[in-house]
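Paired with subunit B in one complex and with subunit C in the other, subunit A is shared by the two complexes that follow.
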Partner chain A sequence: MNRLKLMEKLRVPMMLFPAIAIIVVLFGGGMISGVGQSVGYFPVIGLNNFTLDYYRDVLTDDGFITSLWLTFRLAFLSTLFSSVLAVAFALVLRHTFRGSRLLTLIYQVPIPIPHLVVATGIVLLVSQSGLLSRSSVALGLTQTPRDFPVMVFDTAGVAIQLTFLWKEVPFIGVVVLAVLKSVGPQYEEIARTLGANSWQRFRYVLFPLMLPGILSTSIIVFAFVFANYEIPLLLGVRHPTTLPVMAFRNYQDPDLALRPQAMAISMILAVVAIFLLVAYKRLAKYAVES
Partner chain B sequence: MTHVMLKGLTRRFDDVIAVNNLNLEVESGELIAFLGPSGCGKTTTLRMITGLLLPSEGDVQFDGKSMVAVPTEKRGAVMVFQKHLLFPTMDVARNVGFGLKMAGISKKEIDRRVSEMLELVHLPGFETRRPHELSGGQQQRIALARALIVRPNVLLLDEPLANLDANLRLEMRELIRTIQREMNITSIFVTHDQEEAVMLADRIALMFDGVLQQFDVPKAFYERPNSAEVAHFFRNDNFLAGTRRGDCVETGLGSLAILPDHVTQPDGKVVVTVRPEDIYLAPTSDENLIHVKVLAQVYMGTYKQVQLDVDGNKWLAHGPADLDIREGDTIPIQLPKTHIWLLPPANGK
Partner chain C sequence: MQRMFRWIAIIAIVLGVALPVIPQIIWSLAHRWLFPSLLPTEWSMSSWEYVFSPSSRVVEGFMNSLEIAVFVCILSILVGLPAARAIALNDFKGKGIIEWLLMVPIIVPGIVSTLGIHQLFIRLHLTNTFIGVSLVHLIPCIPYMVLVMVSVFSNYGTELEDTARTLGAGPIRVFLNVTLPGILPGLMVATMFTFLISWGQYITTVLIGGGTIVTLPVVLFPFITGINYSNAAAISLVFVAPAILVLIFTSRQLGQDSAVMGGFGRL
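Up next is the complex of A and B:
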């Protein structure tokens, strides 16, 4: 009897064990090793003494705050624009019209395509030697490809933003669209008969219904963009660059002495990301409840 | 108080005609039922009145003014649906006050009128409840309050009682009737339940396949149906073919006396009908006496339902619960001339 009870109690933890083990070993192991290196424990290169020097070095570096701000701005703007566009698309695609199924399918195409492939496509499209630039010359809008605005390897990060938008709009949109389709048109119709105009129907009826979907997906987008290194590495300028790129460069450097700094950046990045996500979640909870 | 007129209202969906040339007038403050089986076009008509659906042809008029070009939100025709009643993201107070908020009414005034409305639907103090905390009946009442608070020109109810159990249905029916009378709002509700229509409505518009069959007071559907189909919908399948000649009808069972002023069918081929409850199974005189065979009988508690063979047609008749007859007997029954109604000779019945 007791054994049965014990088995019953252990059932859920046992079922979760494989997943938890992977997370603990791979993620936890990496974290511990990373934290160790960032505070001066890196026996491979003879570092054995605990120190916060690497954190001090990173935090006092002028480029750090610039990079942090750039990273935050990139993540914030990508999330904001993706969410707004996703909502706009979902509002259109929830209706059934001629070709709406095909359009919905096309809209979802970016989801399985890797970010790197998208980045390459964006370069081919918007760089000064890209398709748009050449078309612009062909149409006589610009004299030479050089007259086309710089969108790749630029400080504003236009190509980076475009890459994230292309990938994340459908990601948020699919969830929001599913919410809208499952809700159906009736709430909106009730609101209409009660005198709500189209803006009021969106603001007071549809938006609150979509909000939990928008928040739960946008938080993923924010976390993803905040920690993403390959797109800013491929499409961004060398200075200033985002924190993940900075950490990656230090990590990749043949000089192993830079590794503790890379880890310090990564840890700060993780802490800031966790802080922002908690704040975002709180804000989201407040928004949904009120 | 709004007078509603539907003029030649037609709605087509591709090749299907959902509503066909509907002409109907609803007086101010009247409560009308659109009655008919599923898919007969009643909800489509309701949606055209609200403006959620545009008519293919015809006109919807409120107080003589055409509404076809007026958007739904400006018509003041508020609809209460059978499902998806309350906005799930809002509490009861916000749900009820929704229409007023949209109209830009002050928060103080909204709060006052919301609590007034909640009193009216017998749910005072429910302001902070969330929709999921309410029972089906309570949700329905809140939905009604939300519609009434804007003092609509026309109140439209789409099967408002369909999702409620029998007791709640009765309660809600009375509530709708009381409030509708009190506020004197022109109201139209859709139902497929003829009992509900009879109990609630001042007049009933019966529709089949998008066509208005009869628009009249409830009593008329029992006593003066337009056709065998209408009679059938009101549970009368007693039909006997005959030929009217003045004040009598010749049938296979002999001549039946009628009241010429009571019937409307002219001389010629007709269908005789008498409602089951109007047939005398214990005749009181020789007039209109016919002999028929008893096919079956069912004890119904307060009365006995008897199935009869009337010249090859199956008729039903209601008799006293203690009626002593046997299946297979041939018995005399009387068709009182005051209750004989003549139908046009449609569908060979």
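Up next is the complex of A and C:
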């Protein structure tokens, strides 16, 4: 009987243990190793004195602030545009009409497609010799590749944003759509009989229903874009670049003395990401409650 | 008015989804496609021949990606499923911390933890190995598996399991005949996410695999901004193939089962 009780008591911890152990050892270990290197513990090149110099160096560097702002701007704009488009499409797709099932399926196509594939497609589409530029010649709008606006390797990061937009609109959209479909049209009907116009029905009925889904998916989207390495590296300019690219570049530098700096950048990246997301969650909670 | 919006949405979705795909398909079959022609002036299968030749390493990369992703999926299910069940169906002390711990790898950028892990793995001789790469892929995969499965188990009643047990079914039979059928749609979506997260990993693979473990994204990467558009397009289309298969298998769950996608609402 006692053994049974003990087994019962240990059941939940035993179910949790493998997952927690892997995360703590791998992720936790990696974070501790990273923090260690960023504060000057890097015995391979003879560093083992605690110092915050690397953080000071990084934070007082103009290039770092520019990169931080660029990283934030790309993540913020991608998240904002994706959310707005996802809401707009969900409003149409929640209705059943001829071909609506097929359209919803097409809408979901980008979800499983890897970002690198999207990046390849965007380059072939919007570069100065891409399909859009060729179409614009065919329409008589431009004559040479140079007449077409620069969208790849540009400082504004148009191709970067388009890549993320293509991927993330359906991701947010599917979650929002699922909510609207499971609720059904009855709330809207009630609002309609009470005399609400279409803007009011959206603002006071549909939008509040969608809000939790928008908020939770946009957190994932923001965190993903903020931390993404390959897309800004492939489609953006070399300078200024985003923080993940900057951290990795310093890390890969043959000069090992740059590694602690790379780790400091990477730790700041993590702290900023956590801070922004906690702030966002607070804000989101406030928005949902009010 | 509503009809107009509907038509705008239909055109925007169909065109928007198709536009980046079209030039990839055409380029993969193009031999000569000079500006400003709208279509290639000469077609050929040479980039597809290149893709399937050993020198391109595409087949090798494909197999490595597949092996790693399947291995990561199996491990994620083995550790993620019990954890998700424990969280969804029990109240215990420290549950908040456990949930937070399992979610934090989604929030903290993968590149941050991987840069730190690199140093550890060098010491443990795990860099440049299949196991090492799979282990770093697990870090983002386990949280997604748990996230989706917690929401699946939250909507799952254990009454049927109790009945089966009362009728004398052992734990393995209960799992295979009662639990598994109940959670299978959700498990499929969770496995799909896990597979695709591993399948798409680039920077973590490069860092830990160090050029020894060549996965498909590692093969594709230098081509994307290279000069051979045809080869880039063909490799890219190979990279997307399993994703399309996965979508076909799980699109019904994605579209309708709000309980499954609601998992993301827990973040």
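Just so we're on the same page, the second predicted complex is superposed on the first by the 284 of 290 C-alpha atoms of A that agree within 3 Å, B and C clash if a C-alpha of one lies under 4 Å from a C-alpha of the other, contacts with A are read in each partner's own complex, and residues count from 1 in each chain.
In the analysis below, a contact is a pair of C-beta atoms (placed from the backbone, for glycine too) under 8 Å apart; a residue touches a chain by one contact, two chains touch by 3 or more.
Bear in mind the structure is a predicted one, so any value in this text is a computation, not a measurement.
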* Put subunit B and subunit C onto subunit A via the superposition and say whether they clash or fit. => fit
* Mind telling me which of the two, subunit B or subunit C, contacts the most residues of subunit A? => C
* **Which superposed partner A:150 touches (first subunit B, second subunit C, both, neither)** => neither
* To do: Could you say whether A:284 touches subunit B, subunit C, both of them, or neither, answering first, second, both or neither?
  => neither
* First (subunit B), second (subunit C), both or neither touched by A:256 -> neither
* Could you tell me the angle at the CA centre of subunit A between the CA centres of subunit B and subunit C, given to the nearest 10 degrees? => 80
* Scan A:92 for contacts with subunit B and subunit C and give back first, second, both or neither. => second
* Asked: subunit B to subunit C: minimum CA distance in the overlay, Å?
  -> 13
* **Footprint of subunit C on subunit A - complex, ascending** => 11-12, 14-16, 18-20, 22-24, 26-27, 29-35, 37, 88-89, 91-93, 95, 97, 99, 103-125, 129-131, 133-135, 137-138, 145, 166, 174-175, 177-179, 181-182, 212-213, 216-217, 219-220, 223, 226-227, 229-230, 234-235, 244, 247-248, 251, 262-263, 266-267, 269-270, 273-274, 277
* Asked: Considering the complex alone, what residue numbers of subunit C touch subunit A?
  -> 5-6, 9-10, 12-14, 16-17, 19-24, 27, 35-38, 78-80, 82-83, 85-87, 90, 92, 98, 101-102, 104-117, 119-120, 135-136, 138-139, 142-143, 146, 192, 196, 199-200, 202-203, 207, 217, 220-221, 223-225, 229, 232-233, 236-237, 239-240, 243-244, 246-247, 251, 254-258, 261-262, 264-267
* Contact residues on subunit A for subunit B in the complex? -> 184, 186-187, 189-197, 200, 204-205, 208-209, 211
* Complex interface listing, subunit B residues touching subunit A -> 50, 52, 72-79, 81, 83-84, 87-90, 98-99, 101-103, 146-147, 150, 156
